[in-house]
Structures are given as structure tokens and as C-alpha cells.
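What follows is a pair of complexes built around chain A, which joins chain B in one and chain C in the other.
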Partner chain A sequence: MTDTLPRTQATPPEPESPTARTRRDKKRSPYPMWFYLPAAIIYGVLFVAPTFASFYFALTRWTIFDSEFIGLDNFVTFFSEPYLFQSLIHTLLYAVITSGLKVVLGLLFAVFLSSQIIARGYLRSVVFFPVLVSAVGVGVTFRVLMDPFDGLINNVLAGVGIDGPGWLTDPDLALFSVAFVDVWAGVGIATLIYIAGIVAIPQEYFEAAKVDGASAVKSFRHVTLPLMRPATTTVIILSLIGGLRSFALIWTMTGGGPGFSSDVLASMVYKQYQAGFYGLSTAGNVVLFVLVAAIVIPLFWFLNRKEVDR
Partner chain B sequence: MTTAAGTPKLNRTYKWVGGLLGIVVTTVVFIVPFAFIFLTASKSGQEASLLQFSWPTEWHFVENLVEVIQARDYILVTAFINSTILTVGSVTLMVVVSALVGYVLQRRKSRWNPFINFLVLAGLIVPPAVVPTIWVMQSLGIYKTLHGLILVEVAFGMAFCVLMFRAFVATIPRELDEAAIMDGAGPLRLFFQVIFPLLRSVIVTVIVVQSVFVFNDFQNPLYFLPGDKGATVQLTVYNFLGQFNAQWNFLFMDILLITIPMLVMYIIFNRQIVAGMTSGAVKG
Partner chain C sequence: MPFSHRRAAYGLPALIAVSALSLAACSSGSSSPDSSSSGETTDAMEPVELSFLVDNTETSVGVVNALTAAYTAEHPNVTFAVEERPGGGDGDNIVKTRLQTGEMSDLFFYNSGSLFQALAPTRTLLPIDDLPNAGAIQDTFKAGVTADGSLYGVPAGTAMGGGVMYNIPMYEELGLEVPTSWDEFMDNNQAILDAGKVPVIQTFADTWTSQLFVLGDFANVLKADPEWADKYTANEAKYADGSPAIDGFVHQQEVYEAGYLNEDFASATFADGVRMVAQGEGAHYPMLTFALAEVIANSPDNVDDVGFFALPGASTDSPLTTWLGAGIYAPNTTEHADVVKDFMNFVATPEACDIQTEAVGAQGPYFVDGCTLPDDVPQMVADMLPYFDANNTGPALEFVSPIKGPALEQITVEVGSGIRTAEDGAALYDQDVEKQAQQLGLEGW
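Take a look at the complex of A and B:
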């Protein structure tokens, strides 16, 4: 303390000229700060401000027009009502299942689709195509395909003598069925990302492995797999963010039902909003925010760190 | 290329067997649902209600098409107009506004950079707070308006665009800027006449990817633009689901119609979509 005091006292006259110079530079800079302005206004008003406001309104009983501060009541409600709290568990389950399957299937598809086979271009387009169909379109289509009595899936199963379950009507199964459809629709992106990664591997690595007598499985295990780390990071992060926030598909396929068995946080937020419980809805949003941040940020840090170590 | 090591003969077998197997599996898993949409959209109401995957006994494709377009006072036409305005408006704005940010962020080293980078990452990760956004929009008088929704889409899609632009600007040599400055170009001319044209390829990528997102978006129109007047195409499907009850032929015709624009886009811009979706894969 005693050491720093004199120094701070001594500084004022000196930095005077540098700041003056940078200020003049700023005026002349070919990259003016006001280029940020249009983006900053839109982003600040419609994204940053509502995000901060949500932390306050989550603590209120709120009807758009006036709000009454009620402390943590909304969160107490959220964590004590099983049908609300379950949406948190479902969100986690859903995100983990979808991103896990996307990693595994995406990698398998990518290895297959970058090997020497006929009709490779066609196959790649077909796998990618569902990505372009809206979640609503996919949801309605699979709602029909998964119909317990007349749906195509159960008809086919009946043809082989299997009594198909009620994919979307069985409370134990509904969430998993939707997750499965999510993977169906989204695995194309994961596959593409992995293909881009595989293509970037120098051919010499595979040749060297071959010279050393590595089998196809071994060269996959020891060459492809370790080099796929950056791609895997991307796939995991992207699909986790997507999975945790998922709404449209669940809403069109089950509406959170039967009962509350496939409710996730995003659908709970919408339901409470519709019911007019704006404070509770916003509290759900805050829980979602915390959940996404608590999972994605450490994961991001962890996965990127491992990369540096290698 | 990667895994099929072995004798040439084995390779040739793998090439054909693997490829054919792939075709069969993808046909069952990926093509059948699309065929189902098309076939159901061509059936009579009664036949469609059986939900079967079968060839239509009578083709009602044109009748269904006319019926769906006329339904509820041509709401689908309104919706297509709305969705087009929404997509074109928000993507255009997004490109200009985020290109400016990405450009200055890459070129100018200032003490604000870490903070701005943080905001960009936050934009990718943080789920938007729904009701507070409605509250803000309402106090600005842009709730339930198309331009309000356009601005919301811009705000939510901006982060991705900025990342794309920043990465691309890094590949443009600074000497170009310096030459233009020497020639007396101001900041605006430098950006719009020298840099912006060079961004063409990344602009196409951003346009294509964001168009798919905005056109297919369901959640934001549902929250921020409710009501029939402003319905977007995605909402028509959702509303028809309630209204048409079990008239699956109309519903699937609607799905078919709103899928076609993206299909056409994919066929034309295949490469850009792939580039956009996989960007960052190699960089991590």
C-alpha cells in the first residue's frame, strides 16, 4: 500500500499526452468505433437488456403491466412442484441423449461416407437433407409415422411380428421418441462436420499406418479418432446448446405430454407464459440460462484445454 | 479413402456392397418419410386418414393444393409473403450490421475487444429470455409487428454472423486497406467499396445458412408475432394441426409447400450451406 501510493500520485502528469494521442487516433482511425453502433443497439435492446431484466422479473409476480417483488418464491415453486422440476431433468436427459447419439452416429456416418463407396455424393446429400426441413414439418410427419395403431413404424414392426409400443403416447417413452427424431433430423450436421475433419487429415498418416501393418480398425482407432477431437468438440457443444434449448420439435410432437412426461424447460416456459404466470415463466428461463451456462462453459474450457495439451 | 485398407479386389467389393447397403439404409431411414409427406399430400382426405404408406388410389394433388392455398381466406399466401419479408429483411440487416462488427473487431485492436468477444460468445450460448423480450418490445411498440420480429431475429442470429465475418476478414491482407487509405478513402468508402465486395463468398454462406434458420423458425414467431394476420409459414402448419384435425392430406400439402423453398435453396447453394454449417470444425 505504502509503496503504491506515491506512484499513483506521480502518474497523473505523464499519461496525459498518450490518452490525448489515442483520442486523436480514434478520430482518424479507418476502423471507427461507430461501426459497432447499429449492431450494439439491436443486440443491447433486444438481447442483453431482456437477459438482465429476466434476473429481476424472475423474482416477481408479474403481469407485463406491473410486477410485485416476491423474492425467491418462483424458484421455490419451481423446485418443489414435481411437474415443473421434472422438466429440468428431462431437459438434461434430452440434451445428453441427442448429443451423445449425434457424436457416435455422426462419426460412424462420416467415416463410412468418406470411404471409397459408390454414390457417395448422393448419400451425403440424403443424410444432410432433413437439416433443411423445419422442426414443425419433421414433428408433424413423425407424429403420424409414430402413431401407435396406424403409423408406418408400428405397421412395419407388426409385419415382423413385433407389437410396437405407443411411441408418443407411452409416458415412459415419449421423451426418448422425440429425442430419436431430433437425432434423425440433426445428425446430418454432425456428419458434415466430421467429414470436413476427416478430409483435413493428411493422407500420409493413413499410408504410414498401413505400412506399419495397421488394420482398418486400428487406423481408425489410432489415427482418425484422436485427430477428430476438434470436430467432436464442435459437435458436442453445438448439439448440447441445441438440445438444452430444444422447443419446436417437442412442442409439435407431444406438446410436453402425455401429462408432463416430455416437458422440457423451454416448453415449461411456454406453458407458464400461456397461463399468464410471467414471473414463473421467466424463472424457468433463468434456470435454463444457468443450466446452459453451467454445462457449456466448463465443457468448452475443458475440451479446448485437452486439445492444447496434446 | 480412410478405412478400406486391403487388397484391390476386397476394395472393389466394399465399394459396391458398402455403397448399395448405404443406399438401402438411407432410403428406408431418410427417403421414406419424405415420400410419405408427398404421397399423403396427394391423397383424398379419406384415404389420407388411414395414415398408410401407400400409393394413392386416386391423385388429388392439384385439388389439395388449391384447397390448402384457399383455406382460411388465403392465409397461406399471407404467410408466404410474411415469411419472405421476414427472411429477406432480417438476413439483409444481419449481414450488413454483423459485417461491420466483424470487420472492426478483426482490424482494430482496442481494449473493448475482449468484452465484445465475450458478448458474441454469450449470444451463441445464452437462451433468449422470452417474456422480458416481449416486455421490452411492448414498451417500444414493436410487439406483434413484423419489423419487431425482424429485429429480434437479427439480435438472435447476429453472434454467428459476426464470428463468420471476423474469421473471413482475417484472410484479407491489410495492405489493401492501407492502399485505399493512401488513395484518400474514408472509413465508409474503405468498407463498402473495398472490403465488402471481397466478403462475397462468406456473405453468400451467411445468407444461405441464416435464411434456413429464419425461414424455418417456429419459436420466435410463436412468441413475438402471434395471431393470424402476421402468421409465418411455420405457424400455418401448427395452426392447421388444430384446425384441420385429421385432414392429413391438407396438412402434409402444407408441409410439402413450406419445405420446397429450402430444398431449392439447397440444390442451388449446396456448397455454401455445407461451408457454413461446418465452419469451425477444423479450427475447433
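Take a look at the complex of A and C:
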């Protein structure tokens, strides 16, 4: 908008000439709206329509060819079966653990890797490398490494005289082992975002803090940390969503086992689908959708509001 | 996960007279059908390539490769493109999805009985009632591949038993007798443990292997209560109601609590389990007899070291729980229906049985009239045949009731590794199967 425009509008209304309007529209967007159409069709057919269809199918008992409307029965089943409900708890636990660790470790790595150290570029790529490996590859590898008897991890522990636990076979430990691997594989993204955030902080702030006699810890606490809030918001939101819908890693490492001890919503949904309970598994997906939305949207709003207040 | 009987989804509401199988093994086949009855295959001269989808287990691929190669040798214009798929739940997904979308190969290899019924055969498969050799297929098997009165599959492979594989040299060394009741079995286990060896092998990395204590016990349940399956289907009997149905869960818990399991039971795989029982690292491995193919493939020197007995129950002289073999089917979308039917006709001949025996070894009784087993069958099969001869068998639950919950393998892992008690596990499983019954729209649920 040019600053001449308000003045034009302030003048008494006069019939606009068609050419003038066209010119102004052109200024607003040089392309017609229907350029959006191909993308909108693909998005609508492949995303919006199935999403809304799933809200309906979650209310049905659905076989290969027919669906029968059964109201909220699927949701009742979902919340009344102990291990279905348990998977919900595991999902939350898993998301909070992985998200929290990624924030803390990502920040530490980023501060370390943006300081003046030897082989900084190499170390940065080392931290980022696991992100490039597919989750299935990571899962299969760690299942071998974490084997209680032949696995490298327990063999190394045995070498220093520690009797390693069954990382993936102990029901109390399995979920945490997978969460640990998830952090290992995903902390690179968090680090990357934080490094970008740190690099974007103007050096003047640090210089001013130095002149005021701030120690390294103080300048981290009072300069780096507050100015990293946008990056922190991004990392929390991304890793929380990722954690809530995590599937591939859990499926390849434990299959939700032993028993149901590392089952999360996504793996439960997949199992119900395998069993042919299409309606129930769709209901599980709706629960997952609502859960992600109910956690992430308020969180996003909260974190961003803080940012503005500051 | 090479095998999907563990996860039967739907069922066949007909009691199968598995005892008839013994006739299959022995009858000399007076009405032995002619394999070359190509009938009205008019396009015999045109080159045809048939696609064939099969699960990736040793036995299935071996059977299919041998049968297709033999057919091509007789009909040089017909060739096959064999495509492998994973087994278990993933495989079920592939088969169902491809049938629904009309993308199924011209022929495919899949379970009979309950899982077959889950494919909605009347809408997706090619009926083969007019097969000239259909009469040679035994009624036992036909019942497992029939929907709404139409026949859809021909038998590939043999009948199987679910019981306990055991290491013969270890039995001889310790002077043990083959147990026929649960108490004898536990006495043997104690003797083996006292000798410093592993009594019972469990392999929970492949979760489906954990179900044998429950599924393989079903002939014992039927022996104690012949009506149990019908009551179960009608929602009148529950696993948690107590003996005999709950015995399988209780036995699994007893074995764990007595400390009879191999140290790495939680992380061992099916292949590990077969290797351990074949090579004497453990004494007993509850398993289906199809594991014989794994023994032959990976422990060929120990084939005759592995014996087999029915899973012992409360009574002495415990019966053997039996499973039907897989079937070969065609989708109704195939463009080569005549050639496909001619191939299926060929599969239902004694000649085809011999080809399978040659390819993968004799694994049990065949389902086609006139098929015979060689005299020198592997020890496991020799141990299994007397149960059929003496009529001391009972069908697995998945062939007499449509109800099988999807979470059984997780529950049996929990019971088998002490996470959950038998009573708790049985009750949880009863809750699990409700979904299945409702999904099937059964009466009384």
C-alpha cells in the first residue's frame, strides 16, 4: 500500500473506472484466484475429504464392503478397554519425554556447536546425521544393539562389569528405551533450529552484556535464552506433535510390546486396522487428531502470546 | 512372522471332521483324477503369464515354485510370475487391499478357514465348483474354503498339528518318556531342569509364537467339553469361566513361574526357537508342525532329532489339535479364468501332492484323494500320524468358531512372561473377542 491510497479513499466517493479497479486488483495479486485450483483439488480430495469422512466412519462398524452406523460405540470401546486407554497414557508420556529432552539437549548442543570449537562443522553434521536415517532403519539397528544378550550395548556394559537390563524386553523399560532412541534420532532437528536462532541474535547484545560485566552463564541466562523463545516454541511444537503421533520407531523396535507395555495410540490404531476393525481404528485416529489439536493449539497460542507480551 | 493362523479373524461355523484326515494319508485313491483334464481350455496355445502372490515362508514359496514349474513343463505356453509378500497381519492387509481394489494377482496362496472367510469370498473370489477334480478334494478341506455353498480354493500343503516339538537325544539321554498329560509334562520339565538344561523354549520376539499354549490346547478343551466352541460362539462360555478353557493360560503361567523357560525367551525369535530344539539347546518348543520346514532348511543334520507330541492336557492320552493347510485361490477379476482353473485342477491331483513332497518334504497328510506319503517321513510327521490314525485329534478353535480376538498374542506374551496372571489374561482376552464378535454381527453379543 502506498501512502497516497488512504488519501484517495478519504476523498468523496466517486464511481471508479473499471480500468482503475483492474489496476488495483492487479497490484494486489498478479495471478487469478483459480491458479489455486489444482492445489486445492489435490488438498481437498486427498486430505480434507478423507479427514471428514473419517469423522463419519469413526461412528460406524465398518467391514470390507459395508458400514453400519453405531453411534459412539467405538469411542466407548476405546475408552473402556484397559490397554486401549493405556496406549493413550503412553502416548502422552512418550511425547512429553521426547519433547522435553529434545528441548534441553537441543539447546545445549546448539550453544556448544555455535561457540568457537575445533571441528565445529564436522560435529554439527554428526549431530544432524541421525535425522537423515529413516526411522525404520534406526529402529531395526537399535533393536539389534539393544538385544539383552547379543546386543552391543549390553556387551559393552558387561565389559565394565554391569549387568545390562533387557532394554526392549523389560515391560517397565521398553517405552523409555524407545523414547531415548527417538531423542537420539530427532535431536538434530532441534539443534539445527536452535543454532539458527543463536546465530540470528545480534552480536551487539553480547558485547553490551560483556561491557556490563556479565559472565558467560549470565549472558546465556539473560540474553540467549529470552531471545531463543521463538526457536523454543518451534522445537516444542514440532517435537510434541512428532511424539504424539510417533509410530515407525515404536513399531520396528518393540511392536508395542512386550505385551502392551510400549503401545501408543498410533500403534494401537494400526493393530486394530490389521485386525479388520476399521471403524474402531478410525475412532482411534480421531482421538489422536483431537488429542494433538487439544494439546498443540492452546500450547501454540500460549507460547506465542508470551512472545508478544515480552 | 511367517504364519498367520495365530490371528484368525473370522470363522467357519462348521465342525470339521478332522479325523477324516487319516484316510487322506493312507487311502490308495480309487478315483484318482486325471491331471491333464484341461477340459475346455481353448486358448491353450497362446502364451499366457499368470501372476501368483504367495507369502514368503520357506514352505509356501517352495510349494508354489514346484507346482508352477511342473505346470509350465506340461503347458509350455503358460508361465508364472511369482511374487512374495510378508506373512502375518501385514500380509492380510496386502491380500485384502488388493482384492478390494481389483489389483489381485491371477492366483494367490492364503490361509483356509477363518482368514479365508474374512476375504468376503463371495464378492472377491472366483468360484471353482465346476473344477473336474473338485470331487477329489476332501470334505474336511472343502469346508475350510467354501462360502455360501461355493468352492473357492484348492489345497496346497498338508494338515498341521499344534503341539510340542521335543529334542529326542535329550529325552534318550535323560531316559524320559513322551508325556500324555500335563502332570507328566511338568515332571519331565523338572527332570530336565535338574539336569541343568532348558526345559521349555519360548520366543516372544515373534509374538505369534506365544499363543501355542492356548491355541494348541483346544483339542483338550473339546475333549472335556465337546460343545464348548458352540457355546463360545453364542456368548455362553468364556475363557475366564475356568477349566477346561482357561487351562492353556494357566499352563503358560505355570511354566514361567517354575522357571522352565530359556533365559532369552523375551528376545528370541521363531528361528532361534526351532534351532534350539533341533540342536538340543532346549527340550520342548510348543509350535505348529509347519516348523519342520524351518528345521530342514536351517538344521538339516538334526531333522531326525526332533520329535513331536500333542500339547498335554488334564487327561491322559491328550488329543492333537489340528490345523488345515493353506489354499490356492483366484480373484474374480482374473483375465485368464480358464487357464487359472486348469492350473487349480492340476493342484488337486495326487501328482501335485508328489511334486510338493519332493519340493518341501512330507509334512503331514494331504487333502486330495489318492495322495500318499513316502515311507520314510521325517520323525515329526511320523510322530503326528498316529494321532490321525487313532482318531485322537480335534480341530483348532479358528476352524469351529469365527471368534478370535486380535490381542491374544500380546496377552499370551504377558502371561508367559509373568506380567499378567492367567485369570487376568483370560478375562482380558474375553473382552478382546467382543469386538470381533460385534464386527461379525454375531447373535447374542
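Assume the second predicted complex is superposed on the first by the 279 of 310 C-alpha atoms of A that agree within 3 Å, B and C clash if a C-alpha of one lies under 4 Å from a C-alpha of the other, contacts with A are read in each partner's own complex, and residues count from 1 in each chain.
As a convention for this text, a contact is a pair of C-beta atoms (placed from the backbone, for glycine too) under 8 Å apart; a residue touches a chain by one contact, two chains touch by 3 or more.
Keep in mind the model is a prediction, meaning the values are calculated, not measured.
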{"item": "Chain C versus chain B on the shared chain A, clash or fit after superposition", "value": "fit"}
{"item": "First, second, both or neither for A:147, with chain B first and chain C second", "value": "both"}
{"item": "Partner chain(s) touched by A:131 [first = chain B, second = chain C, both, neither]", "value": "first"}
{"item": "Touched partner set for A:77, first chain B, second chain C, both or neither", "value": "second"}
{"item": "Partner chain in contact with A:119 - chain B first, chain C second, else both or neither", "value": "first"}
{"item": "Chain C versus chain B, contacts on chain A by residue", "value": "B"}
{"item": "Chain B versus chain C as contact partner of A:46, first or second or both or neither", "value": "first"}
{"item": "Superposed arrangement (fit on chain A Cα atoms) - minimum chain B/chain C Cα distance in Å", "value": "5"}
{"item": "Overlapping contact positions on chain A, where the chain C interface meets the chain B interface", "value": "64, 147, 273"}
{"item": "Residues of chain B touching chain A in the complex", "value": "1-6, 11, 14-16, 18-20, 22-23, 26-27, 29-34, 36-37, 40, 50-53, 96-98, 100-101, 103-104, 107-108, 110, 112, 116, 119, 123-138, 140, 151-152, 154-156, 158, 162, 177, 181, 186-187, 190-191, 212, 215-216, 218-219, 222-223, 234, 237-238, 241, 248, 251-252, 255, 258-259, 262-263, 265-266, 270, 273-274, 277-278, 280-284"}
{"item": "Residues on chain C engaged by chain A in the complex (per definition of touch)", "value": "7, 9, 89-90, 92-93, 96, 100, 118-120, 123, 204, 207, 263-264, 266-267, 406-407, 410-411, 413-414, 417, 419-420, 428, 431-432, 435-436, 438-439, 441"}
{"item": "Touching residues (chain side chain A, partner chain C) in the complex", "value": "61, 63-65, 68, 77, 81-83, 147-149, 166, 168-169, 171, 255-261, 271-277, 280"}
{"item": "Chain A - residues contacting chain B, complex", "value": "29-33, 35-36, 38-39, 42-43, 45-51, 53-54, 57, 62, 64, 111-120, 122-123, 125-137, 140-142, 144-145, 147, 150-152, 155, 184, 189, 192-198, 200-201, 206, 210, 214-217, 219-220, 224, 229-231, 233-234, 241, 244-245, 247-248, 251-252, 266, 269-270, 273, 278, 281-282, 285-286, 288-289, 292-293, 296-297, 304, 307"}
